[in-house]
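So that you can tell them apart, the chains are marked A, B, C and D in the order they are listed, and the count of residues begins at 1 in each.
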């Protein structure tokens, strides 16, 4: 049962590589994603067992991933209709196959209860994503893919080393064999593990998966990859991949914390995470103000949010972890919606080719289509921690926890958030309400804008009127992983 | 038992030596040569560990290693060098002596971080771990200090050798063969090099700085 | 009951006196100046004639003026006469005693000033605007200086009403302190500015460019001008009352015993006469200063008032 | 459950929040009637303010506060995009100061953070320079609510924390800091109000001044409370609260009026107005009332607070050490300067904008306001009457709030009683009227104005040559020369711009340059970042475990 959502897309990918015109591929992709979404919901009933069995965290983010994949695939249909001429049919097939591979690999990583499988999943997702980035075949796209490949490859290598070190550190507790690679076993035996080895392992894990999560200074690949690849796959669908990496970091951090809490020799994980988190927030805060390309711009903001989440994990404690997880969920919803809206907006300016996402080109969307303009504006506003944006709740929790547990780092965090918020909001004016480029005529907005509105509504609802079950689920996870 | 460890150390030492002397090379051919040697010794180490631990899939790992990394990849690299008649000399971002000193420093750090760990009830000793870690770091150093893409790839390959060295040392670790295969896929992508070909189409040299020309325009 | 009746009578007397004596005061000043300059000068009752003349003349309203043209003279006159009613002249303890808070007085001055300035801007002609701007500039420093000076009095008298200050200074022994001297100097400077006398302004000047007070009422005529003129006369008397009450509170009558009234009245007349003479002599002995010297002049007075306060604290031996 | 996950949001009303809500209500009605009814953002803005005032927990407070900031940012952005970024920067800054502050234990750090956060939002010097830019940007109704309401919400937060929540840790010097900031705001605000040309900007600057007055009152009260001086504390609190009430009434009135002027004339720059009293007498009369309050003239709504405040400062100068006393003497002088400048600003607003001759044909042709705005402004004007004529009564209504803020405080009756003054004035007027009617010639005669001897204007200038009448610039020129050059920068800009904003911008630019350098790194350099970071972490790890 649990294997279905993982391997259905991966197997279907093979078929998609050889079959179908672009539009058919897109539709098939959407249908598949729909089934996968249903399956991710079904998994709640039978979490499976053994190598692949999903815990609460995996289930939650699995469902989220399924949802994002579905909406992205739906928006992707409009995208393909608009941009069909831009890629050769075989490349389109490859592209849709890659969408499914990324989806399957991400789910595998989320559901796997084995650090080795997790690593393999991340590697697969990375390679697929690299391929996808290189698809447009333009010089800049190839260059972006090359960067992605080199940096991602190094990251994967480091992650593998860390994984092996964790295994090694678990020897005193669990001895050789699969047990020493299973999260559940590890976290229950963390106390008896070799603390110093575990710390060393955590550093490598942090750098390995931190590269996937694009924490500064490991972020080098992300902006270009976002900006150059075929939009839906490399932007909207990559949110779940960031989540996967962050969740991996969270799990390993928990091992370290548990070992240290029970008198082990491990160092506290806080300082490492706080350093990278703050570095991310600050660098983004300064980098955002000079961006002229929308996708690159919001790529940077993804880096910022990874940084915030890492920071929250670094603060530690159930509440902060809760805030971090909530932040991941909300930011994934908003960001994916935002990119869908961005593609739609670029469509309104009748060009969905990469490179046409420059702010100068998208100015004054509201003049092209009022609804689209407001939705896009709402999505951008949703990225900053000002109410009624949902992120206000998570950032409020995180900052309050920071003040209570580690007051001195709250000052730089506040400053960094201030920089990022202002840098994002100062683009809303020109982008949404500004004076449009000449010969801009009002047009009909695609139906994908409704998807974006759905995303935003979900984000706000989850933040300020969280249903009891989800609340219980999240707080249990946070309590277990503190 | 002591023989096991001493031989393992010996091979580890040789691998480290190759990794270190990669730093000092100025010619692509020599770097490829060194890498090939490193890979072969790695294969030997894999066999030896397999014999010592009685693990079949370690033999498998060894076979894969010698077949692909010992023979195929170097051949591919040489092919690339010949076909694109790349600049044979590798220009370095920092003075050779400097990078050598850094290399020593890295080894020191590796020892420093491994030292406090108590390897109780583990066949892999701290020395092996330190060696593997040093190889990994040295490989990264090569990637950082070399300007030509091929040299960077070689650095990456030797990093990956370090990983496998650590992997085969792991007592009864599952998936070791699978890991090495997965890594190999990565390397294969690198070296078979759709990228190199593509980049070849667009740029006359593999020198990565050439790519940055676009980047510098700022976006 | 009797006390109330007496103080009511005293208040009415006070009102009658000030409204009657204001023009006379102006006439005296002019006369004495003329004498000191060796001229015969206009008769002392000249101001009464002036007022009567204005009363009989027809009142012109410029076409460019708005409906509020008539409001400003009334408001100015109202504010000044209110202030004049509040400041005790010959006796303390009048009905207005509790209202005569110093800050209320300052507020009434501000009200009068605002009305005059608006009157100057009413028809939108150049001289009015120029005069208004200068008036505002002067007032800024004058008000600050006045407040600082007030502080000294309040600290000495433990009360903020002019009446209370007068009573306190008259009864309890304050003595001649350096701070009071500073305060007097500051208050005089402010008084000269507020009443528009030399050196800050020349009431008898005829060059519109140099005018301040006069410039603002140039467009007014007839009854409106009368109100302005009368307000100016009242203002002079009011300030003399103020200074006299605070610095020379000797022999001031008390409203609730009739027997002290004559002496109080006499002293009041003497005080006024004294100040008139001093004012006249001062006016002929100095020249009008340039407009942008005035802020320095008033700034200095503000500083004096400040020093008065400081010396007060020092004299009271207050530690850090 | 709505609100913070797991905690929800809680509301609760006490005397303080009721006072400020009551202060807000007429403004909201007025703004809605004046034309903001249809805007969703406006109602979100209102909701934010109400939430912040009625909040019982930190989350609700911050949520409302930030919602208020966000909504007003959008409104400013739609009005005029230029100041929006600066505004949102300050708004987020105040949020970033408040969120930590509400979670810190009662301490001086918490107070300073609150002061920074709430002060920045209220426009206290030196963090005020955004206010004269942002408040004029949106439609008049919003400007009115921002000046009259939003600023008050910020002050409410300041009051609630400084007087109630942080009371256990209170120090006398808290009050001193507040007083200094307040005096700075008074001086700069009043001076700029005297010099600015744009009508709405003048009003915004005067808002800065009044916030300063309130802050001085609060500071004196805070200091007195900490030093255990119940009378002074009561007096100063009365002054501050009454000032807030009065300002909350006449400032929205003035802003609405300014909006109507812009609507009728097409511009609200004083140099292009003039003679509006003729075309729009109703608006002119209402504006005159508001200006009287702004100038703190006796018998107007603004005088009683000023009166109380000056008495409070005098009272403060009568206590404490000699340095404190000298300081209060100086602050008295500064308040005097501020009051006179405010008078000048108000007179200039009326005299240049509404009196005199029209400077443009639009100004000459301006038509009077419609029913909606008239009702809105009339409502505020009517509510001003009790504050103006029965301040003692209003103060008695404020007593519970004073008691809540300073339980030991004593509230003596107000020494300034307008009614007898009014009576006296009535008698004087009656007498004067009688004389004039009895002996004077009756009636007036319209005649061409003397106009300083200028010749009659040519026929194509029906209202005379605008150049021959004093402009707003010319009217303010003496003050600009005498004081402006001393207090403002050379180009008559706000010193806060030069001393606070500009340096920060320079630092930010440095950061941006560095970030760009990092972004432009080649692949090798990016690898180097990763590598160096890894080595550093390992080094830290090794040393950490070694030591």
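Throughout what follows, a residue touches a chain if its C-beta (ideal position, glycine included) is under 8 Å from a C-beta of that chain, and two chains touch if they have at least 3 such contacts.
Everything quoted here is computed from the prediction, not taken from an experiment.
The minimum number of touch steps linking chain A to chain C comes to 2. Shared contacts of chain B and chain D, meaning chains that touch the two of them, come down to A. Chain pairs C-D and A-D differ in how many C-beta pairs they share in contact, with the greater number at C-D.
When chain centres are defined as mean Cα coordinates, C lies farthest from chain A. Here the spacing of chain A and chain B, counted between their Cα centres, is 31 Å. One finds 45 Å separating the Cα centroids of chain A and chain D. Annotation: 98 Å between the Cα-based centres of chain B and chain C. Within chain C, no positions touching two or more other chains are listed.
Shown for chain D are the residues that touch two or more other chains, namely 516, 523, 527, 530, 534, 538, 541, 545. In chain B, the residues that reach two or more other chains under the touch definition are 113, 116, 140, 143, 152, 208, 211, 215, 218. Chain pairs that touch, as defined above: A-B, A-D, B-D, C-D.
On the side of chain D, the complex with chain A involves touching residues 1-6, 44, 48, 58-59, 62-63, 66-67, 69-70, 73, 77-78, 81, 84-85, 88-89, 92-93, 95-97, 99-100, 103-104, 508, 511-512, 514-516, 518-519, 521, 523, 526-527, 529-530, 532-534, 537-538, 541, 544-545.
Residues of chain D touching chain B in their complex: 516, 520, 522-524, 527-528, 530-531, 534-535, 538-539, 541-543, 545-546.
Chain B contributes residues 113-114, 116-122, 124, 129, 132-133, 136, 140, 143, 152, 156, 159-160, 162-163, 166-167, 170-175, 178-179, 182-183, 185-186, 189-190, 194-195, 198-199, 202, 208, 211, 214-215, 218-219 to its touches with chain A in the complex. Across the complex, chain A meets chain B through its residues 116, 119-120, 123, 127, 134, 137, 139-140, 142-143, 145-146, 149-150, 153-154, 156-158, 160-161, 164-165, 167-169, 171-172, 175-178, 181, 194, 196-197, 200, 224, 227, 265, 290-293, 296. Those residues of chain C whose C-beta lies close enough to touch chain D in the complex are 55-68, 70, 74, 77-79, 81-82, 85, 96, 98-99, 101, 103-104, 107-108, 110-111, 113-114, 117-118, 120-130, 132-134, 136-137, 139-148, 150-151, 154-155, 160-161, 208, 218-219, 222-223, 226-227, 291-292, 295, 302, 305-306, 309-310, 313-314, 318-320.
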